[in-house]
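Both complexes below contain chain A, partnered by chain B and then by chain C.
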Partner chain A sequence: MNRGPFKLPLIIVGILIVFAFPLIIRDRYFQHLLVLSGIFILLTSSWNLLAGYSGLLNLGHAAFFGIGGYSSALFALKLNLSPWIGLPLGGTAASIFGILLGIPSFRLSGPYLAITTIGFCEILRLVAMNWVSLTRGSLGLYGIPPLTPFRFSTNFSIQFVSEQNAYYVILIFVFLTLILLNRLIHSEFGIGLESIREDELGSQSIGIDTSRYKLTVFMISAFLAGFAGSFYAHYVRFISPEMMALGETFGILTMVMVGGLGTLLGPVVGAVLLTFLSEGLRFLEDFVKIDIRFVIYGGLLIATILFMRNGIVGLFKKVAKPSESNGR
Partner chain B sequence: MILVQGKNLTKRFGGLLAVKDVDFALQSGEILGLIGPNGAGKTTLVNLITGYYTPNAGVILYGKKTISGLKPHAINNLGIARTFQIVRIFHKLTVLDNVRSGLVDRRTRPPWRVALDSLVKNRETQVTGRAGEERAIQLLEFVGLAAYQHELAENLPYAYCKRLEIARALATEPRILLLDEPSAGLNPKEQNDQIAIIKSINGRGITILIIEHVMKVIMDISHRIMVLHYGEKIAEGTPEEIYQNEKVVEAYLGREAGAYD
Partner chain C sequence: MESLFLQQVLNGLIVGSVYSLIAIGLTMIFGVMRISNFAHGDFSMLGAYFAIYFVVLLSGWAGWVGSLVVAAVGVGLIGFFVERFLFRPLLTRWTDIDIIMLSIGLFILLENGARLFFGAAPKMIPDPFQSKTVNLLLFSTSEIRLICLLFSCIAIFLLQLFLTKTKTGVAIRATSQNRNAAALMGINISYIYSLTFVVGSALAGLGGVLYGTIFAVFPMMGAMPTLKAFAVTILGGMGNIRGAIFGGFILGVAETLGGNYVSMQYKNAIGFVIIILVLLIIPQGLFGGVEKK
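Coming up: the complex of A and B.
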């Protein structure tokens, strides 16, 4: 990361703009899309940590999203637990499943790991589909309580039913996540992950316990995805096994690829762009009668792979520094 | 003083005996050359010592500690580093980060602790900070690559990749360095540079085991040489003794060819 003289002011202006968004544009649907983008930023960033930085192609990432959503929703519905406790609990539950998926990664890599992760995700989706007594099966869980209001005093409290307030909550989480991920990636832990991505045997030769590193990164990534899932559950207030469908993972994958795999801002750019693009073009569904989202995703993915391997962020880096086409 | 020794080492791949009942001892401070025809079991022996393979029989001792059966990373953490016959550097990382990756002190902290520390600790105290950079640059200067520190490793010519891998191995602060054909594919000028580097590593007190086919290199730098043939040790001694050994000439050096030219 280069720290030019303009970087700090730019960041401050950027933060002010994103904070002012819902105040400028009062349209609730637009604000709803902003919240969804925020949730997807958490999700794509967590996947990027695995696939982009550690070279672990996890095609079952939606499983973590779903586990976070389901566990938090069930805690709230069955045990009346506050959603604020449900958020970290959802993350923790996903993290435990992260260990389960991390273990096969000791021995498997590349396409073999990818197939295993697809299987893992499908199993969990089928469990959610068929354990009707707990999950209501394909009907899904509805009536999930929203984030409970903060009561500062009897006449002043912050409600979280409006899109605008939810937006500010997710915005804080997004900033926190990006700050922590930035630290993690540029730390000695981050270098360890990148070396595992580049060459596993080589990493072992310099003393990196690749198995335990992979397990740790699976846990971190799953926590983040589970957290996003919990937030989604309490925001949309309805979840179904479709949350763990293979298509969800490919949605995440497309966002990261389009934004820029293995970059901090790539997932952010991709998540915001594709959320708005697919919603903005939804009117086309009246004409073609299919889920237009996947058509767009597929087209964009192919275009990215053919014309800009390093995604949008990679493209900008190239323009800014033509001599150094890539690098940290 | 013997640093590392192997006793009755045997490694089998299916029906193939790659290493057959080999004894060896690596003396503290020496450069031990390991030669033999292709398929003699040289790399297998290095893989056994560094934990990439587990022996089917026999034991490897580091001091008094049995290290056969330990994982490769654990063996590196004990102070045994290696390079590979075909370089295994990190292509998409910069030259500097390649060396930094070796600097990370993993001996005392588990990965989750490293991750947690990275979130709370000041970056300057980590290898990604100033101090780590300086250590990495020192090592790059030592192998003559400091000028390329911001290049991506994939852009380096092959000879530099070999040196980069040595610098990365040195970053782990080993007592013993195992070099698997460090001069393979290099031109004569580059081979001479490589000899100088290996000698000065040894001058720092690091014990070296080197596999090499280039006779000029091996005869020039080795204090002792060990010869493998079909997985068996057929000779051991000073370069002069090896040069005159009938069995070695028969199996490897050849009768007519002068080894020194």
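Coming up: the complex of A and C.
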């Protein structure tokens, strides 16, 4: 993203359009895809914070998503905790595991860290599969309560079961996240992260406590992913260990790479584009009788790295003024 | 009790020999080119499918042995094109993230492409021995599994011979130790890269047939050998071929013993626990890895 201030009018128009989406298009399936895009934006943005800004290649990101989902769902199912409390709790639970994954990152980098994170995620998935008494194993948890309605008085309350209202909730969280991330990456902390990405030893020599930075960024990223997981659990109301599958992480990173690694808007563009693209390509199933979408994911990822290293946002930055690359 | 233990060790060695074979390819490619190929196991998957389609052409023995050759040659050829057209262009901007992302893209493409072409249902590579069992002194196993152990040991032995006794093999090892010095000694690095990737892929294909003979063949099978091979590679030291050989056997035995005495459900977690422990305690692996670039 450009370093200067946002162009205010453009932003306001953009926000209005985004808010009006579900009012213009009443199709519930379309609205459902919007909500999913929002959840994916939280995931891709948090992954991008690690891989794009800090150079920490985390291939176990789905673990945070899963931990958030499972802890929030279990709090609601076993302890009857309100999902609204479950959301931050799910994020917190994930960020505790973020510490666990942050510690190996002190010493490991590149492929070594990537493999460690995969191992971490797979172990957690196996736990979710096999701790049947708590998680019901591969059957998954169902009947997770939706976000409880806000009751203002006896005859006025806001429900969150409908796609439309869920969309507004996730939209607010997405905006908050993007504002937070925007401030974060332009702060001293964010610049410190980028310097660690470029040259770890050099950063240490100018007095950056790289371990503390890495731990903190892992916690923030994990919190956001866990939060997304909690929201997903209360929105879809069913979760299974497949939430932590390797393919889930790979989907997230494909979105980020296609959108633009290390940019604020790249993950947003990638998440929205690929969520809708993969649905738009469903018609192909009629011809080939099988799900061709993930073949396209793989092809897109390869093509991006070979021909479009900086993703769609990078491409826009090249041809247009930076501020015009505003994705939506 | 004792015979059960020995039985498990034998089973572990059989599975482990296949892990070794697949991991050697991975570790060679990493050692020489610094490519962490997350699609390595999918080369094994392709090899297994080549075998399934070839094995029916010839009856019995000839079909099975022939399928090993077909898988190795076929996957080696695919490896050649993958290296030339996908990884080679990245040589100039050589960052870990690019390489890993590319191999993940390949992983997604191959896995789902295979589902498209071969169907999602698991298949078996026909056993030329009609699952006859053999009883050795203390343990029994099916003949085909023993043959798998034998074949992978032969392949590993031949590879070691190639790497230590031929000029090309020595050149590969030299490149792995120090690319620039090797280039200064007149070694054609570009050729060595191609050759290493082809040999590594061929080994994955070969290992895939054996893996598919022991387990089942399905489009999503590739992830397991990839992760196991990474566990083995890290255990033995990234880029260290001798390490990969021993690491494979160690992981195989650890898995069967762990599966039997600790917990069957968590058998597949053993490899990951090994990865994490080794990287935290002895990051260079048991046998020492290549230096980081």
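Rule of thumb we're sticking to: the second predicted complex is superposed on the first by the 306 of 328 C-alpha atoms of A that agree within 3 Å, B and C clash if a C-alpha of one lies under 4 Å from a C-alpha of the other, contacts with A are read in each partner's own complex, and residues count from 1 in each chain.
Operating definition for what follows: a contact is a pair of C-beta atoms (placed from the backbone, for glycine too) under 8 Å apart; a residue touches a chain by one contact, two chains touch by 3 or more.
A quick note: this is a predicted structure, and the numbers were derived from the prediction, not measured.
Student: With both structures lined up on chain A, is it a clash or a fit for chain B and chain C?
Tutor: Partners fit side by side after overlay.
Student: For A:R212, decide between first (touching chain B), second (touching chain C), both and neither.
Tutor: first
Student: Which chain makes contact with more of the residues of chain A, chain B or else chain C?
Tutor: Residues of chain A touched, chain B against chain C: more for C.
Student: For A:D27, using the defined touch cut-off, is the partner it touches chain B, chain C, both, or neither? Pick first, second, both or neither.
Tutor: In the superposition, A:D27 touches no partner, neither chain B nor chain C.
Student: For A:L180, is the partner it touches chain B (first), chain C (second), both, or none of the two (neither)?
Tutor: The first partner, chain B, only.
Student: Looking at A:F189 after the superposition, I want to know if it touches chain B, chain C, both of them or none. Which is it: first, second, both, neither?
Tutor: Only chain B is touched by A:F189; chain C is not.
Student: Quick one: angle from chain B through chain A to chain C, Cα centres, nearest 10°?
Tutor: Superposed on A, the angle at chain A reads 80 degrees.
Student: Answer with first, second, both or neither: which of chain B and chain C does A:E198 touch in the superposed model?
Tutor: Only chain B; A:E198 stays clear of chain C.
Student: Once chain A of both complexes is superposed, is A:I115 in touch with chain B (first), chain C (second), both, or neither?
Tutor: A:I115: touches chain C, not chain B.
Student: Contacts for A:I220 in the overlay, against chain B (first) and chain C (second): which applies, first, second, both or neither?
Tutor: After superposition on chain A, A:I220 lies in contact with chain B alone.
Student: Please give the nearest C-alpha separation between chain B and chain C in the three-chain superposition, to the whole Å.
Tutor: It is 13 Å, taken between the nearest C-alpha atoms.
Student: Mind sorting out which residues of chain A both chain B and chain C touch, each in its own complex?
Tutor: In chain A, nothing is touched by chain B and also by chain C.
Student: Report the residues of chain A in contact with chain C in the complex, numbered from low to high.
Tutor: Of all residues in chain A, those touching chain C are 51, 55, 57, 59, 104, 107-112, 114-116, 118-120, 122-123, 126, 129-130, 246-247, 250, 253-254, 257, 261, 288, 290-292, 294-295, 297-302, 304-306, 309.
Student: Hey, which residues of chain B end up touching chain A in the complex?
Tutor: Interface residues on chain B, with respect to chain A: 50, 52, 71-74, 76-77, 81-84, 88-94, 97, 100-104, 106-107, 110-112, 114-115, 117-119, 123, 126-128, 132, 150, 152, 168-169, 171-172.
Student: Tell me, which parts of chain C touch chain A in their complex?
Tutor: These residues of chain C touch chain A: 30, 36, 86, 89-90, 93, 96-98, 100-102, 104-113, 115-116, 120, 223, 227, 230-231, 234, 238, 263, 265-266, 268-269, 271-273, 275-276, 279-280, 283, 292.
Student: Would you mind writing out the residues of chain A in touch with chain B in their complex?
Tutor: Result: residues 180, 183-184, 186-192, 194-195, 197-199, 201-210, 212-213, 215-217, 219-220, 324, 326-328 of chain A touch chain B.
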